[in-house]
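Okay, got some structures for you below.
Okay, so chain A shows up in both of these, paired with chain B first and chain C after.
Here is the complex of A and B:
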């Protein structure tokens, strides 16, 4: 495929850094490394830039989480989002229209009050909203599903394709080489060190291999001999035809396991999750979840009744039990760093890639990234974060 | 449902005005007969758009019917009493002040929004609001229309073979499968026969009895309707999914179909041609012109210019002349390499054939003339209708979906989907890129699908019995 920033021809035989996967994690980390003076970086993708979850996600951006770990990483990322268009010299259509976490139950409302107090103590931008406040902000909501909420006025959403392209082009300006239609089939190792990758176009030596392979990241880890308690799962979304504006904010509806926003064009974009983790590597969408999503969104926004769908699609992610990203290296495997397990990867990428590149270049561990190390999974220390849209395993039906 | 047009008429309201339609006509046909040429406006530049493809594929004719937006005029039969409105444009689609956006088009090239205001985020955010306001043409259904949608009932069906598309090939495949003993569900939107109904003059091409496509299709439709093994469902095949072979929406019903075998008979698309103004009302694809003439019984224009890249433009020219449309010229870049037999009948009707390429449509709200360029320079050809004729492209969405569902992965190996499909998915007719496939071929494909379904059911019962 020929695209701006994507190289034609075959990759070279040797690089300082080889990045597996040209999604937003791979492209942003490659850009941040190049910005810090790392030369000879290749990003390899078996399909096209942003072709996996980076081009299939819900585009939402916030830092109003409940745990210090998540708030630390995602608040840095949110600040990066506000400067991203200027830095990458492309309008990524970041829309700071606000991000609303909707509570529908007393328990969720209690969490909102607690989280809001925490946000105030940490200086994180967030406002606590009563039932009436929420309805004043989004009158189209079904009042029966609204108990209250938290809104982050500086949160919002961006255009995922624009962000992928902006990182791709900014990286290319700094000398990053991106190759598509190159399938990585294995890793080369020597004496406990990853020394390169095997690809459909031949072997490539690498000083450092970075695993940002998204839904395929567990294969890459396995080639390095790394097994972590993670699974690959499928998520689905839908988008309607353009509708008159009724929703300015990004929104997470915890009770529906859903997240949504309305684009400037008027399309309503929303995804909801199943009550169990859908362990699948297929990117085929399913009928039962489409019906479930449509029913839920019409229940939350009654005016959507009768609206027509434009598309419905699926994407895959890898995830740990705590849904937090897995970033860093493991002992005894040198020359190999992962940034995977992302479920909130779109909003987290600008921050995480900045910190990870700094860590790689300086050799000094980042205190913000440290809690997300793969070691936590080996040692069974999961991050407790209660503000996620997360399958509970309990089906109320 | 048949294509017969009884002489009786029905009436509907178009933007407050009373319009008459012949019974059996669609909104698109009736509005064309009434002289309405602008049916909607484009999203960004608000360029006028009109009747273009005739088969619900181009998106140039969505109207709001009884409060429900997005109804394709070209496919919606007039029942009588509807309240019909256009959707885009202010104060109306007929005269839209935002048409000024097209004048500024050089500033608003594709992707312009990604280059604006990168250093001034607050301005970018403000600009986004303005763009949303201008472009935000989307409408929600009126409450009573939404209630009708909500009233849809869910059903499920279990058959041996589901055939998608009731054109000539789909009809033949349905009969083949049913004759083999299979329980067949034929899903088709509108009158059985599909585009074959608009081809009354193609004798002997696909039917070994020497009938035209229309006569062959009507004969097959009668047999299908009388065959106990075939159930016809007048509805829209939505998609195939993991775990559900086909979802069909049919007049207030939503039907999940389970079928071991599927016959994909989804036909093909006309392909537009690239020239300035190719989106103006009055520039139509060949199938649309044939539908207006032969199904809607409406004269597609007064004076036509036919642009063609294959022999079909010569056939359409003869049909236009028969329908009382004068033809300024046939424009064919490869005119010199065509068989003389094609152009001879046109010479008798004094229709010149020009070896030239279309360059630009003149006309503000529709077609006034077409500029063409040949070896001897540029010529201006008068007409209110430009007919675009090219080789068709298979409607292959469903077969790709089947391919990926069977492969279990949307990143399955590249290559021909047909080659990769299992024997329980059969593609027939122009959906397979085989326009010259005969009725006999399609019938045999239907039989094959029925046998595959039987084998699949046999395998399934074997595995269930210990």
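Here is the complex of A and C:
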């Protein structure tokens, strides 16, 4: 055992569903399946629950994106977030204190105006903010970096460890068996069908194998003979000592490729990206990113110049070129479903797991998940979403 | 030691974590050094874990999970920096990232 809800001992020889990876996607989908009556579910993890990106991310939650695909999925997820603590019977420390997307250039501001109009047409709550509005909301911002912004009052952030544990415990109450320190080393297949997993504790038969292996998801796909145009990359974050409250909202700064918030304890937590994708499977943090983060955050919030850095860490994700998740099955590989390619996976998990579990149980494809199918990558139909703060690998404009 | 003295025994002065807190988290099932860290906030304060690490070692030994036993890591992965540094000293406004 390594967290409440994790089972001691060895997994059984056969399950209806075997989930690879006890991160937020795996734990939430297992919970949603069990809630819908699926029995005999095992979740396997080589380390501890939430040990990968699910416990290393920026914890931010919003649905104010620019595309119908992203808004559809993430607005459902945002609604799930508002009820999650009550449903899972554990406080996931969700703070619906708002989410601010900061525009620093005229082009970003024009995008905010366009996105805001779209949000209004879809009934998604968002407010358009002028330069003065943004500074009134967050006076600590460097005015030179503020052109305007868009805020979602019902967005915010939650505590990732609490969320992982809440899904873990709620799943366990529904009979989900979670085993840690079990390394999946391969898949078993027969006649074009995935029939189970090979593990460090022996083979396990499965009616369905779900790949929620996060930064290791491409290995699992490869075992199933699935190759998609995706890469594994590293993202980094830092946290400072506790400071007096100066930032209530979650914040994405488009010009800095940065995202941040201040915790209830007062720590400033933020991550930035550079303009290239850091293709790496390492969980070691780097000097280059530390300098990048310190430089950008001190420029955005001058008061952070005197704040002491407490920790700096890294996590890995798999990503497609459009940074959208890759959810569903592929033709000719039965018994295998993936929910990977997540870069905004923390905020998206409650919604995606709900829809994916419904789809698996009912056999009816979800129209909201359909655009995120692996097929889009094979057919080159990428989702155009302009409100992300992760590099696409293109040179800076 | 009694529960009363456990509540007065500070193992992490950064976050006011007591020996009682540590025992309760352990008994609830946070038995991996990484989950115990996240459940109690040990190793997450300004001392960078220097104060709480020996206390955690002693605690693990007292519950029969001595550091180094089996293949279980005795302590969470060390995260930089070794000493708290001001962000202003790390910022590089003339660098590539500016």
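Quick note on the criterion: the second predicted complex is superposed on the first by the 389 of 397 C-alpha atoms of A that agree within 3 Å, B and C clash if a C-alpha of one lies under 4 Å from a C-alpha of the other, contacts with A are read in each partner's own complex, and residues count from 1 in each chain.
The definition used in the following text is that a contact is a pair of C-beta atoms (placed from the backbone, for glycine too) under 8 Å apart; a residue touches a chain by one contact, two chains touch by 3 or more.
Please read these numbers as outputs of a predicted model, since none were measured by experiment.
**Q** In the overlay, answer first, second, both or neither for which of chain B and chain C A:86 touches.
**A** After superposing on A, A:86 lies in contact with chain B but is clear of chain C.
**Q** Looking at A:308, would you say it contacts chain B, chain C, both, or neither? Reply first, second, both or neither.
**A** both
**Q** Contacts for A:285 in the overlay, against chain B (first) and chain C (second): which applies, first, second, both or neither?
**A** both
**Q** Once the shared chain is lined up, is A:241 touching chain B (first), chain C (second), both, or neither of them?
**A** Both partners.
**Q** Using the superposition on chain A described above, determine whether A:274 touches chain B (first), chain C (second), both, or neither.
**A** second
**Q** Contacts for A:96 in the overlay, against chain B (first) and chain C (second): which applies, first, second, both or neither?
**A** In the superposed model, A:96 contacts chain B only, not chain C.
**Q** Go through the superposed model and pick first if A:264 touches only chain B, second if only chain C, both, or neither.
**A** First partner only, chain B.
**Q** For chain A, which residues lie in the overlap of the chain B contacts and the chain C contacts?
**A** After superposing on chain A, chain A residues 47, 241, 285, 288, 290, 304-308 contact both chain B and chain C.
**Q** Quick check: in the complex, which residue numbers of chain B touch chain A?
**A** So the residues of chain B in touch with chain A come to 43, 68-70, 113-119, 121, 124-125, 128-129, 131-133, 135-141, 145-150, 241-244, 247, 256, 404-405, 408-411.
**Q** Using the touch rule from the top, collect the residues of chain A that touch chain B in their complex.
**A** Residues of chain A touching chain B: 46-47, 82, 85-86, 88-97, 162, 165-166, 241-245, 264-267, 281-288, 290, 303-308, 314.
**Q** So in the complex, which bits of chain C are touching chain A?
**A** On the chain C side, the touching residues are 28-32, 34-35, 38-39, 44-46, 48, 79-81, 84-88, 90-93, 95, 97-98.
**Q** Where on chain A is chain C touching in the complex?
**A** Per the touch definition, chain A meets chain C at residues 1-6, 47-49, 51, 55, 161, 180, 240-241, 274, 285, 288, 290-292, 294-299, 304-313.
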